[in-house]
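Same chain, two partners: subunit A is paired with subunit B first, then with subunit C.
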Partner chain A sequence: MVAVDLAQRVLAGDRLALARTLTQVENGTEEGQLVLNQLFPHTGKAHLVGITGASGTGKSSLVNQLVRHYRKPDPGETSKQVAIVAVDPTSPFSGGAILGDRIRMRDLAGDPGVFIRSMATRGSLGGIASATSALVQVLDAAGYELVLIETVGAGQSEVDIARLAHTTVVVEAPGLGDDIQAIKAGIMEIADVLVVNKADLQGVENTERALRSALNLSHPRPRRLLHHGRLETIDEESGSTHQGPMWQPPILRTIALDGTGIPGLSDAIASHRAFLESTGGWEERERWRLQTEFDLLLQNSLVENFLAGLPGDEYQQVLGALLERRISPLQAVAQLMDDAI
Partner chain B sequence: MSERKIRVLIAKPGLDGHDRGAKVVARALRDAGMEVIYTGLRQTPEMIAEAALQEDVDAVGLSVLSGAHMALVPRVLELLKANGQEHVKVFLGGIVPDEDVPLLLEMGVIGIYGPGTLSDSYVKDIRKAVLADNT
Partner chain C sequence: MVAVDLAQRVLAGDRLALARTLTQVENGTEEGQLVLNQLFPHTGKAHLVGITGASGTGKSSLVNQLVRHYRKPDPGETSKQVAIVAVDPTSPFSGGAILGDRIRMRDLAGDPGVFIRSMATRGSLGGIASATSALVQVLDAAGYELVLIETVGAGQSEVDIARLAHTTVVVEAPGLGDDIQAIKAGIMEIADVLVVNKADLQGVENTERALRSALNLSHPRPRRLLHHGRLETIDEESGSTHQGPMWQPPILRTIALDGTGIPGLSDAIASHRAFLESTGGWEERERWRLQTEFDLLLQNSLVENFLAGLPGDEYQQVLGALLERRISPLQAVAQLMDDAI
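Take a look at the complex of A and B:
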């Protein structure tokens, strides 16, 4: 009853209801889950854009400029409703967090077409929080046409964003590493658009050259990103729907402080969307994301049910045997499985 | 997943540029396990109320060293109320003359913490005020 009411208010554009829903969903409360169920049929319209890259490359400033551009576009284009989810790390010691991304987004204050929400990772290590995907769904249902997701300062393995976003923008800055950094696995591989920010600094040519040669070395192939950054390559016989041209990530220079290069970045993001839509990539990404989410929830609830169905202290006994090294971890699992059947 | 985190907005309204105190408080609240949204210098009351709304915070800490607290604080309280956020606890840090303290408390500020305050005191006050509403 209350959940239905809250969902209705979110759909009607009530910002207070939206903010409260985001809190409930982030905290995983029962009310939050009910509202999310109500809102879910209204999702699937927003273009989800991930912004990731190392700390201090200028992600927040770039988001600030990009959203300013979306709100005041070139003549002939319509301005878009934009939501931002900005993720910062939770302290592993206190569980607290300082969420400072808004500092760079002060130009966006007072604009009713922009909604900014900061969130802490709360223990997730993939660069976003485990509830980020659910928060994005709420903002999508609330009618924001573009949802920008800014990850924590990400280095090499924080690639969960590629599973969530339609378009992933990887932000680099001059002077952060040589060309070997650029061909290492991880974050470079998930880029749909590469940005060299702070392009007024020395060394921008070197950074750009390193990125370009890294891209030229890689051979684009259809693949999908599974949970925890596991990549699955799809071979041609297994019935991939993805055929035709492959996307080549453009490399763009920007200066987020004064807005140089921002219209080009906006165009590149739009081109990537158009590419996804014309090649079937959009549906494919939607499918992977929802399937991964479904699988993960299913696994969690199967484990929960399984453990709840075990007799008494069975789990503790097997764990005890494992700790005494009488059985191996694999044997421990086998024993629990046998006992349950 | 279903943990309840206290969310606090730390803001500096007005024109003074001294944010060391605000950063110390932000850090202390972080160490107490709270999620602190830090918005930086020179915020208008409108910007603060809007951020408090979007972030759905439990408390707002204002740091004022300019002497303009008797203008800025009532305005923030008024805007929070207008947005339907009268439950948000507001506390104050900075330089506040003793004679203004009773007036501010009467307006609804839960605590005023000047230089030399131990972080334990405001951590405890905020937690108590926020949790009192949620039980």
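Take a look at the complex of A and C:
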């Protein structure tokens, strides 16, 4: 099929075309890239909500309840089209996510206003965050008003993925060993809404207290993906670039099993969007996301082209000389650059 | 002065030449780069020990005591030459580190076997981690057997700096608000030795317990600096590349004020080095460090050269088209690459 046709069908709401496009985009095929180019001008409307939390917090049930609420909201509110992208960067297999998917599929099956996708492959398009970003763009173009990006596990990848979102929800639960699992790598710094799920369990106050003090420890920081180099335009460490009114992340209690607190969570997510829109934060995050993706793709292309243009084992030879400390890192780079000319 | 002469003087133990070289290297001057090239073949001998912990943990006093111990060890052990590099990536000023420096200078002053340096500038050589790495190389070449890299504050930069070390020591103290500040962004994943300092204070058991459960939560991960792109050769998330025997990070109690536990800490650091050497971990970390630095410098050079070769506001124009969603990120990169040819 021609990419233009596929893109048209995605825009028209064809779920089969959407599924195919997501697969092509995820695999980084040429067709996927062409369709993505077609779809990209139609992006920028969806509210991207990252939902992250350790296993055992009941995060997936919470997401399900939230989707149900968006589909059948309180009287007077309109129902929303929702997509879920489930990513587990800690798992070497995609099995876990896919299993969760099937359970959810059964739960939300047959609702044309819901689309669920798990990341089945890794590392395509230069990193899991980039791959997730591309999938989210397709779903955005396809008209989903909310895209919930669900991630599992701690670590930099999770933070990078969460940073793709406009609104990041961090889910905790009482009694998971200690209260300290809350403070997963860097995640508190980008939390916009905090949820203590399973709020009927003992220890909910301790978990809340731990979250509150973690919040106080982590001062707000601007967002970025790149940690090094020329493209690093935002100064994360000083935290000094933050301007304008501050968002105070609320700490909410929910019980996903019976739906307690779900309308409140939905309200908090909507409030955060309204806050972003009224403060210019929405444009700022959009700009940041797109420029970061652009810089990353550019960087990857330059490195790839450069390495492809080198004779045979040139890189390995120079690296070998470096590892034997015959030449310094700077000399190694200079030598490669010379050889390429 | 000619770079070769300066390098010779550094190698001969001239402290003035060393101080000058460090300044030139930190500022990324051409002289600094030339001297670094001269010195680099003499690196690879020092044991690089990262020491990290929040303010209030008494980390600086601990480092002082440790240095004193290395200078005047127990009978039967030989005294070691020690350098300290103090880095505070969270501070927009270098004042804090320099103040700490002066206090320490007074404390350890006049000992020719000790050299103390704080990072006074930021962002040179493409990131604070790279700049720290270059300083450490100079001190390594200058013959310091131990280089203690002291970092403050949470965040990715601290983790990146800690990853430069062969051995990472994480310092905690009882009663700093909650016990949860232990779990600073990603740091537990790379901790080799854990210290509860101020162990005479109440709550030491709680802190130990918090550290132990944080350790159990953070499975070991291979080390890397780059999070994205073509150069990402090690798979952090799966954690599946780890091979061979595992190091079990010990949790030690110290009281820096009276020196309690310092010999034990010194022993744990030495044990970790012995472990690395006997398992091939030493070469692995050396290789990883050098290749990461090389890849990062190469990447930065390629991006810089490319951007410098673009006509005027080309980058901004293409970025503008992207932000208006007239072209996709992939199309934006393709357009820049075309325009550069």
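As a working rule, the second predicted complex is superposed on the first by the 257 of 341 C-alpha atoms of A that agree within 3 Å, B and C clash if a C-alpha of one lies under 4 Å from a C-alpha of the other, contacts with A are read in each partner's own complex, and residues count from 1 in each chain.
One rule holds for everything that comes next: a residue touches a chain if its C-beta (ideal position, glycine included) is under 8 Å from a C-beta of that chain, and two chains touch if they have at least 3 such contacts.
This structure is a prediction, so every number in the text was calculated from the model and none was measured.
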item: Per-residue touch tally on subunit A - higher for subunit B or for subunit C; value: C
item: Touching partner for A:19 - first (subunit B), second (subunit C), both, neither; value: first
item: First, second, both or neither for A:116, with subunit B first and subunit C second; value: first
item: Which of subunit B and subunit C A:27 touches, first, second, both or neither; value: first
item: Touched partner set for A:329, first subunit B, second subunit C, both or neither; value: second
item: First, second, both or neither for A:130, with subunit B first and subunit C second; value: both
item: Subunit C-contacting residues of subunit A that also contact subunit B; value: 90-91, 122, 130
item: Partner subunit A, residues of subunit C touching it in the complex; value: 33, 36-37, 40-41, 43-44, 89-92, 126-130, 153-157, 160, 177-186, 189, 209-210, 213-214, 216-218, 221, 225-232, 236-240, 286-287, 290-291, 293-294, 296-307, 319, 322-323, 325-333, 336-337
item: Complex interface listing, subunit A residues touching subunit B; value: 15-16, 19-20, 22-23, 27-29, 90-91, 93-100, 102-103, 106, 109-110, 115-118, 120, 122, 130-131
item: Subunit B - residues contacting subunit A, complex; value: 1-5, 7, 26-27, 29-40, 43-44, 46-47, 50-51, 53-56, 83-85
